[in-house]
Amino acid sequence: MVEILTSLFLVIGGAFALIGSIGLVRLPDLFMRLHGPTKATTVGVGGILIASMFHFSSRGQGLSLHELLVTLFLFTTAPVSAYLIARTALHLKGKDVNRRG
Amino acid sequence: MRRWLPQPLLSLCLWLVWLLLANTVAFGHLLLGGLLALGLPLLTVRFRPELPRIRHAFKLLRYLMVLLFDIIAANLVVARLILGPAYQLHPAFIRLPLDLSNEFAIVMLTHAISLTPGTVSADLSSDRRTLLIHVLDVEDEAGLIARIKHRYEQPLKEIFEC
Amino acid sequence: MNLLSIVLLPFLGALLPSFAVRRGRAVAAWTAAIITTSALLFALQPLIAVFCGRTTEVNRSWLPQAGLDFALRMDGLAALFVLLILGIGLLVILYAHYYLSEEDSVGRFYGILLLFMGSMLGVVLSDNLLQLLVFWELTSLSSFLLIGFRHQSAEARRGAVMALVVTGAGGLALLAGFLLLGYLAGTYRISVLLHAGDLVRAHPFYTPTLLLILLGAFTKSAQFPFHFWLPRAMAAPTPVSAYLHSATMVKAGIFLLARLFPVLAGTDLWFFTVGGTGLVTLVFGAYTALFMHDLKGLLAYSTISHLGLIVLLFGIDTPLAAVAGVFHIINHATFKASLFMAAGIIEHETGTRDMRLINGLWQYLPHTATLAMVAAAAMAGVPLLNGFLSKEMFFAETLHLAARGSLRGLLPVAATLAGIFAVAYSSRFIHDVFFNGEPRRLPKFPPHEAPRFMRLPVVILVGQCLLVGIFPTFTVAPILALAAGDMLNEPLPDYSLAIWHGFNTPLAMSLVALIGGILLYSQRQWLFALHQRVLPHFDAHLLFRNGMTLVTETALAFTMRLANGSLQRGTALLLLVAMVAVMLPFLVGDASLTGSLPLTPVDGLTLLGAVVMMAAALITVQWQRQRFSALIALSVVGLMVALTFVRFSAPDLALTQLAVEVVTILLLLLALFFLPQQGLVESSLLRRGRDLLLALGVGSCTGLLTWGLLTRPYETIAKYYLDNSVSKGGGANVVNVILVDFRGFDTLGEITVLAIAAVGIFVLLDTLCLDAGKAQEGQRPWAAERHPLILSQISRLLLPLALMVSVHLFLRGHHAPGGGFIAGLVTAVALILQYMASGIAWTRRQWRLRYHEVIAWGVLIATATGVGSWLFGRPFLTSAFGHFDLPLVGELELASVLLFDLGVYLAVVGVVMLILATLGNLSQRCAETRESV
Amino acid sequence: MLSASVIFAFGCIAVALLLNFWRLVFGPEPADRILALDTMYINTIALLVLFGIHINLAVFFEAALLIALMGFVGTVALCKYLLRGDLIE
Amino acid sequence: MELLASLTVAVLVTCGVYLALRARTFPVAVGLALLSYAVNLFLFFTGRLASGVPPLAGRTAVAADPLPQALVLTAIVIGFGMTAFVVILALRARGELGNDHVDGRGGKP
Amino acid sequence: MNHWIIVPLLLPLLAGMVNLLLVRRGHRPQRLVSLLATVGLLGVEIHLLRLADTAGIAVYRLGNWAAPFGIVLVLDRLSALMLLTTGVVALGSLLFAINGDDRLGPDFHVLFPLQLFGINGAFLTGDLFNLFVFFEILLIASYCLALHGGGPVRIRAGLHYVVLNLIGSSLFLIAIGTLYGVTGTLNMADLAVQVVASAPEQATLLRAGALLLLVVFGLKAALPPLHPWLPALYSGVVAPVAALFAIMTKVGVYAILRIYTLVFSRQGPAPDVAADWLLPMALLTLSVGAMGVLASRRLRVLVAYLVVVSVGTLLTGIAQFNVKGVAAALYYLPHTTLVTAGLFLLADLIAAQRGESSDAFSAGPPLVQPNQLGVLFFFGAVAATGLPPLSGFIGKLLLLQSVEPERTTWFWGVVLVGGLAGLVALSRAGTRLFWDTEGEVVIRTAAAGPGRLVPVTLLLLMIVAMTVCAAPISRYAEAAALQLLTPRGYIAAVLFPEQQP
């Protein structure tokens, strides 16, 4: 059961991580590319972390929940990274919101 | 009380973080984590973000559940958009007028926007009244703004009462 | 004891005149005279012993390992020289008192003179070759100071340097020669050595030994072609010339020939080199002297010629010739010293030494003129004067050799020729100075007779010339016999010092020389013209100077080529040498590169990581001129290195690499702000090609080494760590136990490196003000918002979280990946994030830490932990750990290494913060500085 | 099943990393490169965790956490540089 | 795997050396950082290639050689200090010499 | 275990850190700390010298771990001699510095003791990697000290020095890695055992490692063609720092001596790997240094090249790997270090009194104190050129005697001609600086007070002491050389302490 769950999360996680990166390559401009990593990749990594959680909790050495921490951390920081990158791109294109507005 | 426990919620979070880090609930770590959860906020008390008072913890919980659901949904949507034909996408920047006044609430809103389907917060005006959002595939700009306001901004406003 | 005193007194007393001079110039002169007289008094007893047929010896151990002893010995030869050195020295001191002017610092003069005197005494009294050399070089050094005494004159400086260089070079040759001689004879003790002549002469090294020693002797005694320094040394004050070039300095070389005569003489090589050099010098010196217009120049070349004569006599290599040589040493010393003094008086009174200006001084200085003329006559070899006697013996010896029927018949002719020139220049000295019309345009006019006591030394010396010349047997005979006997180290041949030996060939030669010389001088008009226009000028001095210039220029060109101040060349050379060093063992002999271990298969993921890492490295190079992008590529390399550490079982390394890599990138970004953003293509294609080749070479070498190591098995001490880490080190993370315990001392050193780097960086930045705006010229303006709200809020939230992680990493480090170092980096990075997100001013307001002190306390805590083990009688850094059962809490483990690691943690936090915060503050501080100015 | 899914996930992450690197190299904007690097960091976390599952050793958690932290700080710094030039002001 | 490891070290060293030979301080600093990465890898590899056996006592039956790891850790730290110093020195050199050429020679940038 | 052995390391480390704490308190307390530490250090070093001379090789096991697993400090005659030499130079340099040069930056008294920490550690450690660590400490401290006072000249030379040595450190690590990868150990005594015992197929890698180490040490010791950094750097740094740096090249020489007598000795598959190279290298160094001496147009550059010459001279002795040669080098080493240190200080005093002309060999104003400085210069020059009667002559004498005349042609020639070059250059320098004067004294205030004259005099007086006590010192040097050339004693002391009497 645990193994099935682990495998499921592994497959989901791997797939989403890949999709996020495909988006990074495939989408035509930077702002569109931003969507891939901020969502798909974070969830993808989250999936793999959860799989890890299941895996190491099932070894009879007690629960292993600390992977949650990494996931939480990523969810906290990824939007900030995306925000900064977007701002940077806007700035480099000379399209700051403050300057326009 | 306030002097020794300036931010109870933060301390609680840190205590949980410690238990997660240690990956155990052994008594020694419960104790040590407690000490650290009390001590570190004191040490970094001046660094703390200006956290607003949370008036409605239940609403916060509900908000988080909604957000989690949206994140999962967002991924499916974005996956479809990424794998689908790119020329069908209609990307655009839209400006979201903000009603929030608390800084932390704004931050939470930008986070929510960035984590949910097809939108990324891209720029916040210096007067903190407008948020520039990039949308991957926009069909109904006004509807999107209304959805964000209803689904995230309103609850945040209620939670932090600002 | 007395011998020691003779030598040491002048040295010890050398400083006294400088003090005495404060009480007056005369006191200084008296001091010097008293010291000399005392030395003479101390010499009395050993001298008497010598006259009684005994030698006196002193032997003190100095450096027995090298055969260098402080050994003095007075025999006849030494006694003669001691008498000359001290006797003439005393006269020179007296003379100098009147000669030196008010501007001359008399104290210094007498001091150096005494040093020189002591050195000379040391040379002649030495019974140890090496010690002789010590004094020999001391004479060179002190004469350097004497010649350069009037250092405002460029000529004096040049003369001094030249004398030092020539005689110093000779001294080095002499050192080599002495070492060889000592090696051949098995001793450096001269008195022992003198009996080892046969052994030495038979050895294959005899030739180099002799030549090296002769080089030393000839440079010192100004033999052709090393003579040129002597005329240049005439820039010295005349008392110095009178001393150095009559009885002492130049005679040191002669003394050496005499001293080692029993060991080295007696071979054809000796005859040809010593005799040949003497002969050439004799004729050359005499000839050149005639054409000197400078009074002292004439005397200088005459000295060269007379030294050549003595050398020639020693070269002739018969006992009788040796006696003649010793005799001429004495005679030359007396008449030449008096002539120099007379010349000094003339210069003193007329202000010039140019004989074309000085004429007819007979009317002005009758006493000096008389004395000078007698001395000059002695120099010319006029009968009834001492010079005549030794010259007669010399002529006889040249004939004697010719009579032996060899091809050496040339010798008497050459000797007579030299005699003719000697008479000619002596005549010139007498006629051109004291007669020959009226003086012309003298700087000082009219000249007056010198003070009586200034003339006194001259009187004494000239008196000796006469006494010896007329009553040789009653005056000079005993000391001559003793000196010559001890020189030959064998019974003396029969000889007679009579003035009259009847009409014989030597007398005829003397007469030819006298008449020929006077005739030659009378025909001087056309002779001088001939000399000037037709005869070739051999100027060894010019040769020397050009040679020195050439050497210096070559050295300069060579040095500048090597050290041209280019870092790129230095780096390339270093890498090239390193490459050669690694390659060399692979190229020679039976090199084995690949070891015996079976290879492990490659998996796709590792391959991918390696490819990405290599590609990123290459892209870093490719992007080197778009500097920002290059940093991004560098980040990828760093990340991949971390993954490599993970892949091959090094989690601790991965953690460290990750943290260090980010800090490095931060640092480079901070720095890049103040540097040009873009590079230019500057190097030529050729240079880039060369660099690429070199880089490829060095890279391949390292790759080869890696391959060689990875493919061979090895035995390692690592097993000990794995086995004992828990039981003896108290930790399961073996790497951490090594770092804080087994090799904790490395870690202490490592944080010290960081501490020093941080302090150094702080100082470098503290006074630096860089214009960053300039680097951005022509580019877009910066974004308006400094600290985006979203970033600052989230960063503040992250700080306690990151600190929690730090504590976690710190506490578990001993058992699992982590440790003080990584914890410190995490703390520092979290703090730096605050600086970036909220700015310096804000962060400083929140938390004011003196990072200097954090660093210091960190290192101090680590050190104190180490010292703490002393309390338990254990060596520095001995660790202790224990498990304690606490109620409720359970088992608690405490280890001293935790305290050590705390020190590491603090030091790391302090260092990283000090570096980054100071660098970050650079722009602000500069702006403030600029505003305040 | 587990090992198959681990290998599948490995493959996904490997391809993802390659794609990130492709974007990093070909940009074209500096911001693209930063985004690519940031994504690379995140994918590396996945790789690390996968590796831990693969060798069945739970020792890479701290490394994963550290990559997350360092990746974030790196991205912040790179963006800040392009925005303001001065990282710390 | 051994070949791959050797090749990686070789390429990294090559790149580092090439950059260290450049004429401007910044690429030189980057090159030195790269070189120090490469040397750390080399030093790490002297403990040979060990997969999945981190030197944590009690976790695995065999373990990788911990000693090179400890050495590399020290080397990384020292390398960081040195790199930091040379970077700051480059800044200082630009301040004192007016340009960023390694010999302080004037040049356009 | 004799805790005194580690005191030469702990004392300066603590002093440096205490001074770091005192950074805001101004110079006075820092000076006091530095002075106390340096004087104390000297005392301890004298004690250790006597200990090393009488009690055999002493081993200090850090952390109480036995070699080869832990790091050990080893005190033998060589390391004791190096320590004491460093101590004397350090005291001279510090005494000079506290007259004002230390105030050019706030960090002098932090760096100065730490520099000593690094140097002393390099001399004491018995572990190859720990040697690397101490090299790095002494290097980073020297980087900072070299830049003390700032200014474009120092910065440029410093940048070159730093970059070259960073590459050198990388090479050092590669060499260490190679040796560890073959032998599996880092302790130098154990390395010696393993190298001798290693299989023939390991020889290539061992040789490569050994030669690479030689390159690294050669860089530190400034052997051509890796020397140009030295004159550029040493001629520019602040005088007391230059004086202290006189010992730095000797660290390279020390490492060569240690490694190639102990680890790569005559046995095993990689015998004499460095010996073949060392004598030609030494003679080359001497020649290049002599050329530089002749070419110098400034006193400080000249003295810097004298340092190169002295390294070459030392190596000529070491390269013979026999007792006489090594002993001669060990006698010469303190001498040449003290002389060059003294001359660096003196050059500063001279330069200060000559105004614009500074230390350039051109006509200039008369010195304020021609007599005092002249006598000191004369002494220093005589000692530096190896003229009698000072210790330079004795050192050179021992050196020349150490070679059989049968193979002396090049050796004696180069050594003697090198000495001649020094004589020519220094006599020209002296006449220019002291005698070729014009005009009036320019800077009367530049007169050196006793605070600056005493350290110079002290260093030069040590030369006189070395001359007078030549016999006992050279006896010590011989014993040290013997100890080095029979590494069995060292190995036994480190690895088998229980078998020691």
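Letters A, B, C, D, E and F mark the chains as written, and numbering starts fresh at 1 in each.
Just so we're on the same page, contacts are C-beta pairs under 8 Å (C-beta built on N, C-alpha and C of every residue); 3 or more make two chains touch, one makes a residue touch a chain.
Only a predicted model underlies this, so the values are computations on that prediction, with no experimental measurement involved.
*Asks:* Identify the chain whose mean C-alpha position lies nearest to the mean of all protein C-alpha atoms shown.
*Replies:* That would be F.
*Asks:* With chain centres set to the mean of the C-alpha atoms, which chain is at the far end from chain C?
*Replies:* Most distant chain from chain C: B.
*Asks:* Please state whether A-D or A-B has more C-beta contact pairs across its interface.
*Replies:* A-D
*Asks:* Would you kindly tell me how far, in whole Å, the mean C-alpha position of chain D lies from that of chain B?
*Replies:* The separation of the two C-alpha centroids amounts to 22 Å.
*Asks:* Which whole number of Å gives the spacing of the CA centres of chain D and chain F?
*Replies:* Using C-alpha averages as centres, the distance is 49 Å.
*Asks:* Please report how many Å separate the Cα centroid of chain A from that of chain F, as a whole number.
*Replies:* 57
*Asks:* So how far apart, in whole Å, are chain E and chain F when each is placed at the average of its C-alpha atoms?
*Replies:* 29
*Asks:* In chain D, which residues are in touch with two or more of the other chains?
*Replies:* Correct list: 10, 17, 30, 34, 59, 61, 65, 69, 76, 80, 82-83.
*Asks:* Hunt down the residues of chain B that sit against at least two other chains at once, touch-wise.
*Replies:* 17, 21-23, 110, 121, 124, 126
*Asks:* Multi-chain contacts only, two chains or more: what residues does chain F have there?
*Replies:* 129, 133, 136, 140, 143, 147, 150, 156, 159-160, 163, 167, 174, 177-178, 180-181, 186
*Asks:* Within their complex, state which residues of chain D touch chain A.
*Replies:* 1-2, 4-6, 8-13, 15-17, 19-20, 22-23, 29-32, 34-36, 38-39, 42-43, 45-46, 49-50, 52-53, 58, 61, 64-65, 68-69, 72, 75-76, 79-80, 82-83
*Asks:* Flag every residue of chain E that touches chain F in the complex, lowest number first.
*Replies:* 20, 25, 28, 32, 35-36, 39-40, 42-43, 45-46, 67-68, 71, 74-75, 78, 81-83, 85-86, 89-90, 92-93, 96-97, 102-104
*Asks:* What does chain D use to touch chain E in their complex?
*Replies:* Interface residues on the chain D side: 55, 57, 59.
*Asks:* Any idea which chain B residues touch chain A in the complex?
*Replies:* 17, 20-24, 71-72, 74-75, 78-79, 81-83, 86, 89, 91, 93, 95, 110-111, 113-115, 118, 120-126, 130, 132, 134, 136
*Asks:* Which positions of chain F touch chain C when the two form their complex?
*Replies:* For this pair, the touching residues of chain F are 1, 3, 6, 10, 13-14, 17-18, 20-21, 23-24, 60-65, 68-71, 105-107, 110-111, 114, 117, 121, 129-130, 133-134, 136-137, 140-141, 143-144, 147, 150, 156, 159-160, 163-164, 167-168, 171, 174, 177-178, 180-186, 190, 194, 200-205, 207-208, 211-212, 214-215, 218-219, 224-229, 231-232, 288, 290-292, 294-295, 371, 378, 382, 387-389, 393-394, 397-398, 400-401, 405, 412, 416-417, 419-421, 423-424, 427-428, 431, 434-437, 470-471, 474-475, 478.
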